[in-house]
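Both of the next two complexes hold chain A, though its partner changes from chain B to chain C.
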Partner chain A sequence: MGCSEEGIMMKVKKNRTLNSPGEHIFLFLNDLILILLCIVMIYPVLFVLARSVTPELERALHPLRIFPSSFDFTGYVFIFSSGSNIVNSYRTTILRTLIGTAVNMALTLLLAYPLSKKYYRPRKVLTGLIVFTMWFSGGLIPSFLLNKSLGLLNSFWVYIFPCAVNPFNLMIMRNFFQQIPDSLDESAKLDGANDLRVFWSIYLPLSTASIATLTLFYAVFHWNMWFDSMLYMNRKEMWTMQYTLRQLIDSATVTDIATVGTAMDNIPPAETVRMATVVVATVPILCIYPFLQKYFVKGMLVGSVKG
Partner chain B sequence: MQSGRPVSRKTRWERFKAAMWEYRWLNLMVIPGFFFFILFKYVPMYGIIIAFKNYKGAAGGFQAIASAPWIGLKNFEIFFKSLYCARIFKNTIWISLLRLVFSFPAPILLALMINEVRSNVFKRTVQTITYMPYFLSWVVVAALLNTLLSPDNGAINAMIQLRGGSTVYFLTSKSWFRPILIISEIWKNIGYGSIVYLAAITSIDQEQYEAARVDGASKFQQIIHVTLPELSNIIAIMLILQIGKMFDDNFDQIYNLYSPSVYEVADVFETYIYRNGIQQSKFSYSAAIGLVKSVIALAMILFTNWASKKLDTDGLF
Partner chain C sequence: MKKLVALILALAMVFCLTATAFAAEGQTEPARFVIRSNSNKENKTENDKIKAMIEEKSGIDFEVIVVAENTWNEKINVMIAGSEKFDTLNLTANAGVWSTYASNGALQPYTEEMLNNYLPHVKAMIPDEAWIPCKDANGNIWALPRHESFTAGRVPSIRTDWLKKLDMEMPTSLEQLEAYFEAVKTNDVNGNGDPNDEYGYIPYFQSLFAGPLHLYYLGTQGECNLSDKFLDEDGTVKPWYMHKNAWALISKAAEWYQKGYINQDYLTMTNETANDQGAADRIGMCSGWYNMGLQGTERIMNSNPDAGVTWAAIPNFNDAVSGVAAWGGNPAYMAEVALSATSEDPQWALKLIDWIYSDEANYMLATYGIEGDHYILSEDGKMFKQPEGATDRYMLEYQLLEWYDYDKYPEPYFGEDSGWRAYTAYQMRNQIDEGIKAIPSWDYYIPYDLNGTEAEFLTDDAQTLIQEAMEKALVGQLTEAEWNETVNTAWEIDGQIRSAVWTEQYHAFTDPK
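What follows is the complex of A and B.
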C-alpha cells in the first residue's frame, strides 16, 4: 500500500483528461457536495463561537446569526478571572496533558522496544499478556474499587497512572520498531553499545514521526478525558476542563460549578459561560491538529491493518 | 535423593540466570510497563470474582472482595430475569446495526469523493476540515448538539419555527434519539475513517483506469468497476473489525447525549452498569453485567479475528 502522506495527498490522476460534458457535471456535483459537507462540519463550531460573544438579547432575537452585530466578551472575562473554577479546570487539564503524555510516552517506548526484538525470549509471553488486555478487561467496577483502594480517589495521579499505557498505541510503536532493520542493532552491538544505548541513539532518532503521532494521540486523549473526573474526583477544583464543561451543560445554573470560594457578583448568563467554556476547551486542539495532520495520517496507517 | 535431578535443575537455573543477565537492559526497560499491566489490567480481572459474591459497601475497598460471601450465579439471574436485560440487548444490537448500515459506508463514500477532486488545494482543505471533529471530545460534541438542537433558541428549531413548524424536542425524543446518535457519529468520524480508504485508493494501479477509459467507461463506471473491487479487501477487513466492536458501547457518546426520557431506546451495557454500579453502589450486580458484556465482546473479537485471518493471513495483530 502506498502508505506515505505525499502519496495520499499528491497522487492525483494528472494524466486524466476530461472528455465529456457528463464528467464535467459529475466533478462539479462532487465538488459541490464536498463544499456542503465542509460547511456542515464547520457550522456548529462557528455557531458556538458566535454565541459565546453574542449578547444574550441578540441571541434570543436572532438565533441563527453567525456574525453578531455587537460583541459581549463577559463570558471570557469571567472564565479567566480569579474565583472562576474554570481557570482551575484549565490548569488541571494542561498539567494532566503534559505529565500524562510524558508518562505515556516513556512507558510505551520503553516497553515497545524489547517487544520488538526477536531475540528477546520473554517477548512472546509478554506480547500475549498485553494483547489479551485489548480483548478482555475486568470492567468498570473492579477497576473502580482497585483505584479507590490504591488511594487514587481525589488524587491528581488518578489522571496519570490508570491510563499509563494504551495497548493499541504500544502495538503501533512495536510494529514501527520492528520495521527498523536488525543490522543497525547488530553493528552497534559489535561496537560495544548495550541495548539501552542502541534504543536511545539509534531507534529513537529513527522514529520521530511515530513518536510525534503517538504523542498527539495521547495528548488528545488526556485533553478530552472527563470520565475519570466523574468517577474519582469529588473536589471540583481538580476536575478536568471537559468534566467541568459537562457539569455546566447539565445544570440549570452555573454558579456552583463555575465559581470557587466566595460567591462572585456579575456572573454572566449561563449560556454565555457555557459557550465560552466550549470554545476555550476546544481551541487549543483545533489550533494544533492541522500542523500534525501528516503525522497522524501516517500513524493511522502504521497502526491499521496492512493492505 | 536421586542423583540426576539436582544437577539438571541447577544448570537450568544457571541458564535462566545467564539469560536474564544477557537481557538485563531489556528486562529493565520492560519492568515499569509490565508492572502497569499487572496492576491496572490483571488485578481488576481477579476482581471479577465480585460478580459471584455478595459484596456490600465499598468501605472495604478492593481487598474486601476476597472476604465477601459467595452467592453463585444469583446476580446473573437477577439481571437475566429483569426487563433491563432485554432492553439493553435490544438497544445494543439496534444501535450497532444502524451503525453498520449508515456510519460504516460513510467514510468509504467520502474517500471516493475526495479522490475525484482535481485541485490539490481543495483536496487538502476538505481533508483538514473533515478530520477536525475527530479531535473534539464527545462532551464538546454534545454541547454543540445541545446548542443546535435546543428547543429554546437552537439553530435547528429556529429554522423550523421560521417555516412555521412547531418545536421539536430532539434530544428527549425517543424517535429522534437514535438518528441523532448515528448522524453525530458520522459527523465526528467520517473524515478520520476515510484515511484508510484514501490510502488504499491511492495505491491502485493507474493503468487500470487507463484501460477502463479506453474501453469507454465513464467516471461512475470506473468507480464501480475499478475502484470498488480494488477496495473490497480493505472494506471486508474494516467491516469485520466493526462487527467485532459491536458490543463496545460508545459510552462516551451515549452518556453525554442521553437523559432519563430516552433510556428506553438509549440504555446500553456501560450506561446501565455505570448507573447501577457507581451511582447506586450495586457493585456485585453491575460487575456481573460487566462480565456478561466482556465475555460476549471477547467472543465477538475472537470470531472476527479468526474470520479476518481467513481473509488476510497476517491477522490483525
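What follows is the complex of A and C.
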C-alpha cells in the first residue's frame, strides 16, 4: 500500500520546503499588495513631513513632490517662536498626560476589580449606572455648569477630574479581570491574603498587557484633547498643546485683512503651519508608541474574548 | 515683643496697600475683555510687557480672554449659558451682529450715564452715523462702534503685467473682462511653455457668486447665503435668489466656469490652494478681498524681484445689469464692543477703553506698542514705521476698540522699502480711494433677529437646495426651468417666512416714527 507514516511525513516535509508555482505567485502577489499598502500608509506621513519643510513656491509648482529640493523651516519657527506659549502648552500637555493617565489607570483598576467579583452585591447596579453614561450624557452646557460649580474652570484639574474614568476602558478592564480564574483568588485568600493584596500581587501582574493597552489609550486621549481646553481654560499659559496648535493654524488661516499692511505680515502660509503642526503634535506619541507596541498588539483583544 | 508685633503689622499693611497698587481704587476684579484671535496677535512675545505698561499707566487691572475664531460660537455660547463673568464681548467675529445675543439676554445696553461718565473721550470721538449699526429700533445702544480702516476691500484686482503682455487695456465692462479671460486662457501669459495652466479668475473666499458678479447683476453686496437679501420694489425684503437677475448671475458664473476661466476645482478650493495658484503664476484676476492675489504672487517676487508682477484694482463697470456701478465693500462703522449682561461693574472696562482714546500716546501704546521700540514716528508725527521684527513682538492685542482714524492718529508708512506686497497693497488702496466706488451691504445696520419669530426654527434646507442648484448650474447640469423650480420650493418652505420677518423688522427700524 505505499502510504506509510514515514512516506506521509516525507511528503509533508517536501510540501513545506518545495513551493509550487502557485505558491510562488501567491507569495509574490501577497508581497506586492503588502508593499502597496505600506506605500499607501507611509506616503501621507512623508507627504506631511515634506510639506512642512518645503518652500511655498516649490510646493505650489510641484504639489505632489515629497522630496523638496530645499528646506524651509518657517512653519516650525512660527510655531516655536509664538510668544513661547508653545513651551507652556507642551508642559501642560505632558503634565496632563502623565498625571491624567496615572489617575485614570489607578481609578479604572480600582473600580474594575470589585466590579469583576460575583460576590460584590452592588456590582450590577453600579455597572448599569456606568454603562448608562456611555450612551447618555448631560450635554455641553450642563457639563460646563457642573465643572464651573466645582471650581474647576481655569484650573489644571479640569483636565483630570471630569474624565477620571472612561466607562469603555473600565468595562474592558473588568472583563479582563473576570477572565482570571477564581481559584487563584481563593488560594491566595486561603493563605491569608485580603482583597487588596490579591489585587496587588495577583491581578495586576497578570494584567500587564491590558494595563499597557489602556495606559496607551488614556495617554493618547490626553495628548489629543483640545476641546476641554477651549471650553474651560481662559488662561493661555494653561492651554493644551493641541489647542494652541489649533489656534496657530486658525491665526495663519484668517489674517486680519482689514488692518492692511500691518498685522498681515510675518505669518507663514497656512498650509506650512498646518503641516508643521501635525508633525509637532504627533512626533512625541510616535516616539513612545514603539515601546508599547508589543503590549498593544497583545492587548488589543483583551476583554473582548471570553474563555 | 510688642514693638516687633507692631512692626510686622505695619509691614503687612504696607504690603497690602502695595499689592493693590495696580488696581484702581474700588476695582475688586480685573476688567475682562473677550476678543477673537486674529493674525496671531495673541501670541506676540511682548504682549505681557505691553499689558503691564497699560495697567501701570491707566491704573486699571484687566485681562483679555482670547477665543479662536473657528471655535467662537461654541465658546461664547457656553460662556453665556454658564453665566461666566466677563465685561465686554468683541463682536467682530460675528460681523457686528449683536441682536441675537441681546434678544437672548446675554448683553446689557449702554446707558447715557455710562457714556458720559466712563467714555467721554470715546463718545466725543464717535460721529452720529457710527452709532446707527449699534442701536435697536428704540434707540438703545448695544455696542460701541468700530471704525474700519479701509472700506473698499472687496474691489476685484487684476494682473496689469498680464494686460500689458496681452496688449489689452484695463477692462471697464464685463465684455472686456471676458475678452481678457479668453486671452489668458489661450495664451501662455506666464511664459512657462504651457498655454493651458493659467486661469483668468480666482475667486477667493468662494466669492464667485458673492463677489463682483453679485453687484453687477443684483446691485447689492451679499454672500448668497441665508442672510443675503434685497429690497424689492414693493418694499418687501426678500432672499437674494428671488431677485429677477439671480439666474443671470448664476448662468454667467457657470459660463465662466465651463469655459475654463476659473479653476475647475473651485467648489473645493481653499484660499491656500488659491495662493498656491498665485505662487505658481497662474492667476490673472482675483476677488474676495482686494489684496488677496498678492499673497501668492509675493512668492514669485521674493524668489525673483525682476519678475515684474503687478496688480491693480479694477474700475467700476459701466454696463452693470443692475444699474449699480460699484463693487462690494465693508461699512465704515460696525458694532464691535458689547457689554455682557454678567458684568456687574463695567465701569473699569469702559474706563480702560476711554483711557486708550484719551491720548494719542495711549492709543499708540495699545495699538502698536512702545515708541522707539515697536514703532518709530516720523518727524512730523503723522506717520510711523515699524522696525523689522517689531510686529512679531507686539501688534494690536490690546486695542480693545478698533478705531482707525488717520486724520487723528499716525498712519503706517508705506514705501518701496516696505516690501513688495505692502507697497503694492498701498498703491492699490490709493487707486481705489481716488475713484473706485465700493458699497457695503444695503442693510448692514438693521438688527435682524429671528428669535421669537415664526422664522426662529427654520432649518438650512432652503440654503442646501439653493446651494446644490448653484453647484449643478456651475457644471452645466441645471437648466433655468430647474432653477426656477428650486427657487419656488425654497421660497415656499423658507423664503416667504423669512421675508415676512425681515420686512417687518426692516420697516420697524427705518420707517419714520
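Just so we're on the same page, the second predicted complex is superposed on the first by the 202 of 307 C-alpha atoms of A that agree within 3 Å, B and C clash if a C-alpha of one lies under 4 Å from a C-alpha of the other, contacts with A are read in each partner's own complex, and residues count from 1 in each chain.
Here is the rule we go by: a contact is a pair of C-beta atoms (placed from the backbone, for glycine too) under 8 Å apart; a residue touches a chain by one contact, two chains touch by 3 or more.
Everything quoted here is computed from the prediction, not taken from an experiment.
J.: Looking at the overlay, does A:236 come into contact with chain B only (first), chain C only (second), both, or neither?
T.: A:236 contacts chain C only, not chain B.
J.: Check the residue A:275 against both partner chains and state whether it touches chain B (first), chain C (second), both, or neither.
T.: A:275 contacts chain B only, not chain C.
J.: Of the two partner chains, chain B (first) and chain C (second), which one does A:130 touch, if any: first, second, both, or neither?
T.: After superposition on chain A, A:130 lies in contact with chain B alone.
J.: For A:157 in the superposed arrangement: first (chain B), second (chain C), both or neither?
T.: neither
J.: Could you look at A:141 and tell me whether it touches chain B, chain C, both or neither (first, second, both, neither)?
T.: both
J.: Determine, for the superposed model, which of the two partners chain B and chain C contacts more residues of chain A.
T.: The partner with more contacted residues on chain A is B.
J.: State whether A:85 touches chain B only (first), chain C only (second), both chains, or neither.
T.: A:85: touches chain C, not chain B.
J.: After the superposition on A, what does A:246 contact: first (chain B), second (chain C), both or neither?
T.: both
J.: If we overlay the two complexes on their shared chain A, which of chain B and chain C does A:59 touch? Say first, second, both or neither.
T.: both
J.: Quick check on the superposed pair: does A:200 touch chain B, chain C, both, or neither? Answer first, second, both or neither.
T.: It touches nothing on chain B or chain C.
J.: Following superposition on chain A, which residues of chain A contact chain B and also contact chain C?
T.: 59-60, 63, 140-141, 144-145, 148, 231, 246
J.: For chain C, which residues count as touching chain A in their complex?
T.: So the residues of chain C touching chain A come out as 37-45, 47, 65-66, 68-71, 74-75, 78, 81-82, 84, 148-150, 153, 271-272, 275-280, 289, 291-292, 296, 299-300, 302-303, 330, 386, 391-392, 395-396, 404, 412, 414, 418-419, 421-422, 425-426, 429.
J.: Once bound in the complex, which stretches of chain A touch chain B?
T.: Within the complex, chain A touches chain B at residues 1-3, 7-13, 15-16, 20, 22-23, 26-27, 30-31, 33-34, 37-38, 40-42, 44-45, 47-48, 51, 59-60, 63-64, 106-108, 110-111, 113-115, 117, 120-122, 126, 129-131, 133, 135-146, 148-150, 161-162, 164-165, 170-171, 194-196, 199, 220, 223-227, 231, 242-243, 245-246, 249, 274-275, 278, 281-282, 285-286, 289-290, 293, 297, 300-301, 304-307.
J.: Where on chain A is chain C touching in the complex?
T.: Touching chain C: residues 56-57, 59-61, 63, 78, 81-85, 140-141, 144-145, 148, 153, 230-231, 234, 236, 246-248, 250-267, 269-271 of chain A.
J.: Under the definition above, what is the set of chain B residues touching chain A in their complex?
T.: Those residues of chain B that touch chain A are 19, 23, 25-30, 32-34, 36-37, 40-48, 50, 58, 61-63, 65, 110, 113-114, 116-118, 120, 122-133, 135-137, 139-140, 142-148, 153-155, 157-159, 187, 191-192, 195-196, 198-200, 202-203, 206, 209-210, 213, 218-220, 233-234, 237-238, 241, 251-252, 256, 270, 273-274, 277-278, 283, 286-287, 290-291, 293-294, 297-298, 301-302, 308, 312, 314, 316-317.
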